[in-house]
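Below, each structure is written out as structure tokens.
Both of the next two complexes hold chain A, though its partner changes from chain B to chain C.
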Partner chain A sequence: MREFKRILHVEDDPSIQAVAKVALEAVGGFEVLSCSSGTEALEKVQAFDPDFILLDVMMPGMDGPQTLAELGELIDIRQIPVAFMTAKVQPAEVEHYRSLGARDVITKPFDPMQLATQVRDIWNLAHA
Partner chain B sequence: MSPFSDQPTPSQNRRTLGRTLSWGLSLGLLLLLGVGVELLLQQYHLRQHETIQQRLTASAGEVRAVLLSELSSTLHLATGLASYITAKQGQLDEAELQPWLQGLLRQGRYIRNIGLAPDNRISYIYPLAGNEAALGLYYPDMVKQWPAVQRIIANRTPMLDGPLRLVQGGNGLIYRVPVFLDDQRYWGMISTVIDYDQLYALVQQVARQRDLSIQLNRHDDETAADLLTLNLDSESPSVSLPVRFAGARWRLEASERVADELPLGWLRLLGWSLALAVAGLIGLTLHAQNRQAALLLALNRSQRQFHQAFEMAPQGLALLDLEGRLLAVNQTLCLLLQRSPQSLLGQPLSRFSDDPLSARLDGDLAELGGEQGRTWQLRLLDAQGESIDVELSAAALSADQSTQGSWIMHIQDIRESKRLQRLQSEFVSTVSHELRTPLTAISGPLELINAGALGEVPESLRQMLQIAQHNSQRLAMLINDLLDIGKLEAGKIVFDLQPQALQPLLDQALSSNQAYAAEYAVNLRQIGVCEDWLNVDGLRLQQVLSNLLSNAAKFSPRGSDVELYTERLGAQLRLSVRDRGPGIPTAFQSRIFQKFAQADASDTRQKGGTGLGLAISKELIERMHGCIGFDSQEGQGTTFWFELPLHPTEAQA
Partner chain C sequence: MVEPSNDLQRHLQLLSAQFAERLAQELPELAGKAQLLRDANDQESQRQHLLSLRDQLHKLAGAAGTFGFVSLGQRTQALEQQAIRWLDALQQEQQGLHDFIADLQQLSQQQFQIELAQESTPATPKTAKSSSATHCIYILEDEPTIGENMRLTLSNFGYQAEHFTRIADLDAALQRQLPDALVIDVNLPGEAQTGLNYAAALQQRLDEPLPLLVITTQDDFTTQLEAVRAGAMGFFSKPVDIPQLENRLERCFAQQYGEPYRVLIVDDDRELASRYSLVLRSANMLVEALNDPADIFSHMRTFNPEVVLLDVNMPGCTGPELAQIIRLNDDWLRVPIIYLSAETDISRQMSALLKAGDDFVTKPISDNALVAAVFARAQRARLLSNALSRDSLTGLLKHADIKEQVAIELERALRGGSQASVVMLDIDHFKKVNDSYGHPAGDNVIRALANLLRQRLRRVDSLGRYGGEEFLAVLPECPPEQAQRIIDEIRQRFADLRFIVEGTEFAVTLSAGISCTDADISASELLERADRALYAAKESGRDRVCQAD
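Now for the complex of A and B:
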């Protein structure tokens, strides 16, 4: 089983990007690459080789689900779990995201002290 | 089809005319009845006189008969004496005559004396005592009597004369019988003097027995008709009867001793009183009818007004019968549905809806007891099939009214208000969402810093950073609540109702709120254990429990307990959260479930909270088919409770 070290975070809001980066690095001890758009993520994903991908759903240009679909072409998302971050967490919506290939959904706004734990739980479940 | 009807407008003049007519009519009636009374009285008067006349005539006739019979029984004795003298050829034997005359006198009660006058000279009188003066009288010498005596002799017929004053005193009747012998030679006269006073006394006595007062008068006028005459016009009615006997002509005047008083005055008074009463009653009846007619007209006018109000109301209005069929619809409703009244009447409202809720409408109407109204929101279809969101309010018309409709229903087009509501919700949702992102960017770093994730925070900054974090959390809570209520109102929250055991949900609610309660030095605890199952959305139930528990903790005195307990009420389970706080001020109780409701504006800052928690809780519980409420007394603490249906298998157990 590979070590859980690198997380690719795709988020258009630079503040949220920064908070998540600190939360995952300072609290969780991960290595985080922040991308500001789906396009940037597609460009960098193979070079970074992440163990986990966090995708914001609502983004200008390419949105979360679209980015996920494109990522599926480049990497094996069964090995590299993807989680959406969104404010829309109605049960039906969660089901929809799962059907797209996401492992889980992390509710926005997130608790920065809990974010690392949440991510680790999803990763563990995916590799159980 | 309309329950109202058109009538001409009444005029004030017509009312006045009606009143005058009714009183005029009754006055006329009074006069008519008065005339009738007078006619009746006259008839009665005549009848009365007829009766009196008959009675008087009969009684007077009886009196006359007694008089005549007494006279004839007395005077035929004198006739017998005449026959005796004739038989004796005028040769009188004193010895033989004496007992004869004695017998005569005994039999004839009223005979005062009997005198015999052969050749017109009174030569014999019996009894002689007291009558001596008459002895030896010669008729041709008696100037007064001689013409009468002459007539008797000429007519050869006995005659009665009198009453006249007697030489001997008193009143008498004289009966003279001429005696002729067998050879037709005139012998002389037998003169019988009758005591008139005695006879008259007897007649008077007989009359008195018959309640008559009588008078016997001579009536010598030969030409006067011997007819009964009546005198009814004098004060007491009387009759005059002819009495004829042996040439004597009298009249018997008789009248009633006690005049029969005709109570005409009283009868007239009674009659007129009755007439007045009848006319008055009829007048009153007419007056009342007139008034009633006026009232009816007024009622009609008010009905017309109501009809117009119903027709012209700017809101859709309908009358429905007990089965929910339309009995009357107004213009606005027809316009709203773009249908003619004819196509609507007689149909249930659900016929014009594709809303599944409409099927329940009829049942709801039947259930609706009457007093309180009810409202429904429903989607109706117009003639083009376009859907119209409406709000229906119905109220029962009381059963004793004779109106056909059992329900009055108000139908309001709420498309515009729904659209506004939706826009508002979308706005709130968008704004909240947009607020949340930068807020996360504020609260996230503060939390990381305060948690020490970025290293030791200098003491001088710590307090300020904590205040900033605390308030950013409050802002987040407010935004969450706003989003929730917005979604609830927009109907965007889908409930995931699952049968589940309640106890784990309670445990979770208690543990997740324990830390918050600890800030107020309050302990949350459950009394007893719940083994029941509910059909609920676990997350939403948690949200409600958190609201109630955190509220209770906030308002509890330090060191006290907040108690959570459950109880079964039929097919419902009631969950209660009891605190020992100050209670809810009475004035605030009615507003407590309203949005942004807080007893005291200063509470917001003092106690924290958005003022949306209870409004959200109420919505959530009601969406899960439950109800929410509270019991509170100021100073005695508060118990908030909600009831949810037990899971069916549970409820049966």
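Now for the complex of A and C:
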């Protein structure tokens, strides 16, 4: 199985960006690259070569689903699972996001102590 | 599970503090945008401001909870929903918009604090607390004095209650903010419809139905049936015994906001274990999964699961064998064990169940079926567990357990150099209540005091029923002067409660004694001193709170 090490996190809110980085690095032992916009993510994704991508849904400019579509042109998202992050999801929304190619949805607010476990669970499933 | 290191905790605290600073800027910003919305004089610019408000509220709603600002997160989420509704409804209505704007501006004047999340290492909850946040109740009652009386009493219990005499006023309030529960009178002579018809239509409109309590002068079968169809969770005849109504509210909230169920999954198939974990977590349960059956002991002890899911076929140790190992330990007899298996042969299933275990779930299972199976078992297990360790009338700790808390808190206080207070409370002339109004009325009084204490004390405080009408509370990190203030406030609120039995109204008072930890005192001495202070309170006229000498 491919080793799970690097996570690309795309989120325009600086507070969330910081807390997710701490949660994933200190609790999960991952290496995290934070991007503040979809555009920045597209620029950096190939050089960083992530194992997993965490995408905020609502961002100014290019939103999460748009970013996902463009990422799909650059990398193989069947190999690199993408999860959306958003507030309060209905089951129908989760289905919608899955149909776009996301593996799963992590709801906000999230518990910083649990985030790494959630991400790892999604990754395990994708690589099962 | 990874233990949070001190460094990490400090780091997270720092981030929360930074977020708090950001709030100090952002909340006034929201108020500014609300002002722009108020000043806007055409629908298009209103729409633009609402869009911008919606986006900012959405961000806050997503972030606040992560940093521990739980109630702010809930408020902003509710406001975001309202902004969305206004975006849809601008053309039809302009009237309530001002209330929405006022709510937004009020947000910046309010102080929000970091609320302690649940302890990261789950332990058996000490006292059953419904939720740390104040519950909001809307009352629809056309008779002003009755409604006002109800509002006052529920406020005394610590709820945020609002009273409306007309459907139109309640509707306007619902536009602003949804309450946590509704109390509705069936008979509304001034209105075009009955309270029940209104409630039924309202529940239809909502995404999720609200807990509904119905009050009425007709308690016939037809009315009760209509009430149940409108989603009623309580039904009360007039004159309403409000403490009893409060007791029902408390039970509704305990079901709704109880702590998440803890589920342990044992499956050597990592993929499946991860899948089940995700499904159960999305149903708001706490899940731990382990792949090696040999790790069972440490997980049972530290995680303290309420349900165990076992794969039947595991290498080295089968599910039924593992179930029997779990059953060897008396502490874990209460935990239901559910087998997960592709085994569809009924006789093989039965033989597994005969050895140990409580239920069989066959793979493949749909997400909803898995959640339902685990939820039903967990709910039942928690009810049973509470019934065994808690007093059946009040839901508080029993005599021996609360006494143990005194010793635990004393030790903790000595170690940490802080002061804990021990409070002994007793209902005045309780025998008279029983004699004049009957034992059910007496039970009601006891339950009311238990609920009042639960509402007014902090989450960290322990609370138990010490004897018949005697209660014991342990308040950690609370010097005696502070305890005095808290308990005296509870004493006043209790005296203000009105109980009703067959149309007769009566009130009851309480007395209390407080003692406090210090360097060379034993737990039994602490209790004795509190008891002596209680005796002094009784001797000097009752309805008062005394300190130990």
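As a convention for this text, the second predicted complex is superposed on the first by the 127 of 128 C-alpha atoms of A that agree within 3 Å, B and C clash if a C-alpha of one lies under 4 Å from a C-alpha of the other, contacts with A are read in each partner's own complex, and residues count from 1 in each chain.
The working rule: a contact is a pair of C-beta atoms (placed from the backbone, for glycine too) under 8 Å apart; a residue touches a chain by one contact, two chains touch by 3 or more.
If you're wondering where the values come from, they're calculated on a predicted model, not measured in any experiment.
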item	value
First (chain B), second (chain C), both or neither touched by A:Pro112	both
Which superposed partner A:Val19 touches (first chain B, second chain C, both, neither)	both
Which partner, chain B or chain C, touches more chain A residues	C
Partner chain(s) touched by A:Leu125 [first = chain B, second = chain C, both, neither]	second
Partner chain(s) touched by A:Val27 [first = chain B, second = chain C, both, neither]	both
Partner chain in contact with A:Ala92 - chain B first, chain C second, else both or neither	first
Residues of chain A that lie at the interface with chain B and also at the interface with chain C	13, 15-16, 18-19, 22-23, 26-27, 87, 108-113
List of chain B residues in touch with chain A within their complex	433, 436-441, 443-445, 447-448, 451, 453-454, 476, 492-494, 496
Chain A residues touching chain C - in the complex, by the definition given at the top	13, 15-16, 18-19, 22-23, 26-27, 58, 60, 86-88, 104, 107-113, 116-118, 121-122, 124-125, 128
Interfacial residue positions of chain A with respect to chain B in the complex	13, 15-16, 18-20, 22-23, 26-27, 87, 90-92, 108-113
Footprint of chain A on chain C - complex, ascending	1-2, 4-5, 7-8, 11-12, 15, 18-19, 22, 55, 58-59, 61-67, 73, 77, 117, 120, 270-271, 274-275, 277-278, 281-282
